[in-house]
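The structure follows.
Letters A, B, C and D mark the chains as written, and numbering starts fresh at 1 in each.
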């Protein structure tokens, strides 16, 4: 099940080492202008080593477009994109191949498949999200061209530092104005300092990515199982290191009574809007035209640079010091993955809209 | 898209009024003993009017089993179950048919389908969850018989009253010992009082349902998109009134560093377990044999008994007083729906386990 | 896998005895007028005992509509239809319960599920096609209302008697003018005599049902795997007793060279048509606006009234004389099932048409 | 919808010119030895220019394996394989870009997508089948290793020359002993002469590929919609140029009565077999352990080297002479594509077998 979506179907492939990671996008409408340069901005945002906050990974990701585009435009057939893996350092991982890294997928994958791909986490590596980012670029472009909808994510919390951001007004420029990708400048500064200090400790911290989708058409989402909040939750929780997701008022709804929480409808010219947006842009699982707002929490990632206890595949107690690049806080990079998955979900729902009309 | 699951496929049908609500369960293994009596306990738990906390709904739900069972056992063909709707009071709703109830699905459904089914919420009504509860009964039975796994949900918070419950030890008997379905007796008492007082105000409050799945086999869940946490999140957010979901440490992970949050492996005889369970029973999206633990937050439901502002379908400002039964806090009943969806997800993953072995 | 279709999803349930057979239709557009009376004509056509050619089955099929319709119109939610089973005669089958009927599914089902549902063939019984016929009625209605397309099937061959029918001009009235449902009157007469004589022998014969779909929009069908000819073939071969299917020139293409077989395009006013229709209305798996024409062959059904050799579940050689109604030639009734499945396929493809346009 | 299969999911991508054609195989069990050399034999069989019967295409297909294999074995993640396109001759096609080639997909694709990919047929080109052949190699390997099943196809008819082949005994060696891939030597000789003569005329002829699957486990196939004969028919009719498919006795069943056609069960030691195999190895859509036998008819392909009438995109009558390689009879190459699709279907059904047992 490496495919996501019903009509806009994104299939990712590739492990962290050897070969390539890539994506087949099936269901992309014909006529969309598409060029390898379109992927540069988001791939750079996802990459480690883009700022002083993370360890360097040298290579840039060069995109190859293998299919689906003719004379600069999509033709309705599958769009295939890939990025080669160049950074294989098997020796770093070889000495770990019998030890289960705490809170990593080594143990569960080995139990499931009977095989251990010990090179850098294999399929469970965050490297896979490169493929999602490429699909996200295509999805965001479709949204922009078809209905002007915009998907924007940013860091809303790092460890215990909470930013104040207005999801109705925040801009990409504000998000990109600092390496933490937090539009609240003061909080961003504090977050940056915290991350630098955590980095020195060889430790990690978690955070919250908030995402807002604006100008989303009314009526996206299916009743019952594929509510927009359900498919978005699925998408978010399919990302590595996510621990939870909340929409609109989220867990904060517990502080309100129904009479306070209900979003009262008001007429605004010909449009019907709601006075508040506690529902986060949807009701009954279907978009209501208000901004979709949701938050995803990422744990402090498991790759730390301190010695830890664990067991090996024979069940013996051993010590372990992990290889790999050190990313003390993943949320500044996670912003682009959240955007990608949100856009993929929205396009899938956009394509599901029934246009067959009974006369 | 009224179907959920890939190999254990649950299709629900039916609106709140007229005809019936029901479910077709496709993929149920052959040989499972099944009787209409099996559904009584959970259907009663879901029903309104079971305690003094909610308004009465008179009829019990009588299950008809239409297919899939021969001589008391499933035969591998679709199991179809239905419950008739007997409680039609169209007149209550008719005067509402042009007014959008705040935070209900009236507006979004009408925009999506061009038609308003104004009788009691139609397909968006919580009545649909009756169908899920029936599928959940079958799923829980499969889990019990195939691998002894147990799914148990309970109220962990109502408004601002938080219970203390140990997910490793809580029992169904404790959950069912009070009408709030909260195993912490003292908190349960307070919750009950709060709900009675909110009821008098014609208002509503939200809450959190925690769910634990114990004795789940190692290896359930797919890498990448159908991680166990992703499909469970999808399932939870497909329930009416849910605003968020969190796994293991959830949003609380923000209080920890990686070195504190990592679940260290320890050998326990021949089994490998983890010292802590911050990951909530899964790593890399695949179960690790520890209890699966997650929490779902339900908003204060939108049906309140106070006059509210809204607009009608012509965009005119109007007042509105809602009909319907009053349920001041939905979480005591939501417990059984959470269990049902969790069990459905687990059975689907159980069936997905590859048993084709390369020799 | 009791579901067919990607966007127009038809799930059938029910065995031949006990309970009911029915169908959940998911993806039916909102606004379609629908009444239980709509199903009468096609259900009667499918039923045994409608003419002197088959043994009587007493009960008519009474349709219950359980969901999806409000005030006489579909509302976009699943439409559920069912028909009760009234004709249980377990004793007829009980003495067979350890014997495998030749060319029936008894043996394969028992091997697959480890259970034998010996009552009248269970899920493998032709009774299941009642559910498909109901879905077909809805599908044909959608086609008529949305694009004026028409699906018409008729008997083209019985045993060695071949009819001459012009698929471009044949009408429903001609098809229904005789009990064989063959629009070629002379052939129909011969077929009728043959069937009566075969009936007396307690034997059966096969035949071919030809189906034509006219006024089908250009562009239905997906490239590669879901070509219109592929999904139609899937649909036809999912019917009981089918042995093959051919499109356009079919196996007859072997008598032509490419220069003879190619369908030359000609301009007909503003429309582009083809001079011949050897391709059967599609090219590259996508409809070209010409009539879709295909033929499905049904074997002489396996239920004969002569003593046969077989083995029982212990592997012992035994004799067998089958119970059940005798239908010496199934094709006159199969006509309506072919129409149903063809219409279901066409609606599914109609809904798949992409309407999201890149600006 | 460029994906085929439910648990063994094959997604193909790529057009005839530019970039690459490839396949992502999702659901491949872990532990299968796999090497790029494994693909050589079947890719060569599919390629044009392998014998004097077709025009030369120079390049061999070099396979790149991008993912899913670690240390020579599959690891349970998607296996991605691709072959670069090297043979771009846009100028050959450019002058055709406004003319619809008779019986090609130019017209239908343009109507469907609003765009014409005029380079060599784009996605509709037979080049796409290269991707299927690669997936077929993997599928055949799985079948061999898991259950010893064997899939073998061969030419059974070319134009009016019919071969006599015993599907129970035919071997790969016999099939590969001549360029026509017909195990009946005498017929093969005649076919070869016919094809050479047709080639000189710049014309084409069709033929029948018969396929036999031996040692297939009992119980593969789902009741109702995904009968083994239905999914195989879907697979065959998804191939370019196919006009029909038949199983077992096929259209020939019309020459028999039920009493002659029924396959009588006989005990053969502990095994239960059938005396005849008119059912073609399945009953009720489920394999019965006898050889699966089916035939697929391929039309005389549309690319002929004679001037033809057609219309251009403005509806004007024009003449047309096609570019491209000339393949006077496609069936000798189609053999390997039939095998590939059959193997893919069988593996998908193999993985669907339920192994969850109710205790």
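As a working rule, a residue touches a chain if its C-beta (ideal position, glycine included) is under 8 Å from a C-beta of that chain, and two chains touch if they have at least 3 such contacts.
Just so it is clear, the model here is predicted, and its values are computed rather than measured.
**Q** Select the chain at the greatest separation from chain B, using centres from the mean of Cα atoms.
**A** Result for max centroid distance from chain B is chain D.
**Q** C-D versus A-C: which has more C-beta pairs touching?
**A** Spelling it out, more C-beta pairs touch across C-D than across the other pair.
**Q** Report, in whole Å, the distance between the mean C-alpha point of chain A and the mean C-alpha point of chain D.
**A** Here the centre of chain D sits 39 Å away from the centre of chain A.
**Q** I'd like to verify one number: the distance from the centre of chain A to the centre of chain C, where each centre is the average of its C-alpha atoms, in whole angstrom.
**A** Here the centre of chain C sits 46 Å away from the centre of chain A.
**Q** Just curious, how far off is chain D from chain C if you go by their C-alpha centres, in Å?
**A** Roughly 26 Å separates the two chain centres.
**Q** At least two other chains touched by the same residue of chain B: list those residues.
**A** 1-3, 12, 30-31, 76-77, 112, 123, 223, 352
**Q** Flag every residue of chain C that touches chain D in the complex, lowest number first.
**A** It is residues 1-4, 6, 12, 100, 102-105, 107-109, 111-112, 123-124, 128, 157, 159-160, 198, 201, 203-208, 218-219, 221-227, 229-238, 240, 242-251, 253-267, 270, 272, 274, 278-280, 282-288, 297, 299-304, 306, 308-311, 315-317, 352 of chain C that touch chain D.
**Q** If you look only at chain D, which of its residues touch chain A in the complex?
**A** Where chain D meets chain A, its residues are 1-3, 9, 11-15, 18-22, 24, 26, 30-31, 65-68, 70, 73, 75-80, 82, 112-115, 117, 119, 122-123.
**Q** Within their complex, state which residues of chain B touch chain D.
**A** 29-32, 76-77, 142, 145-146, 223, 350-359
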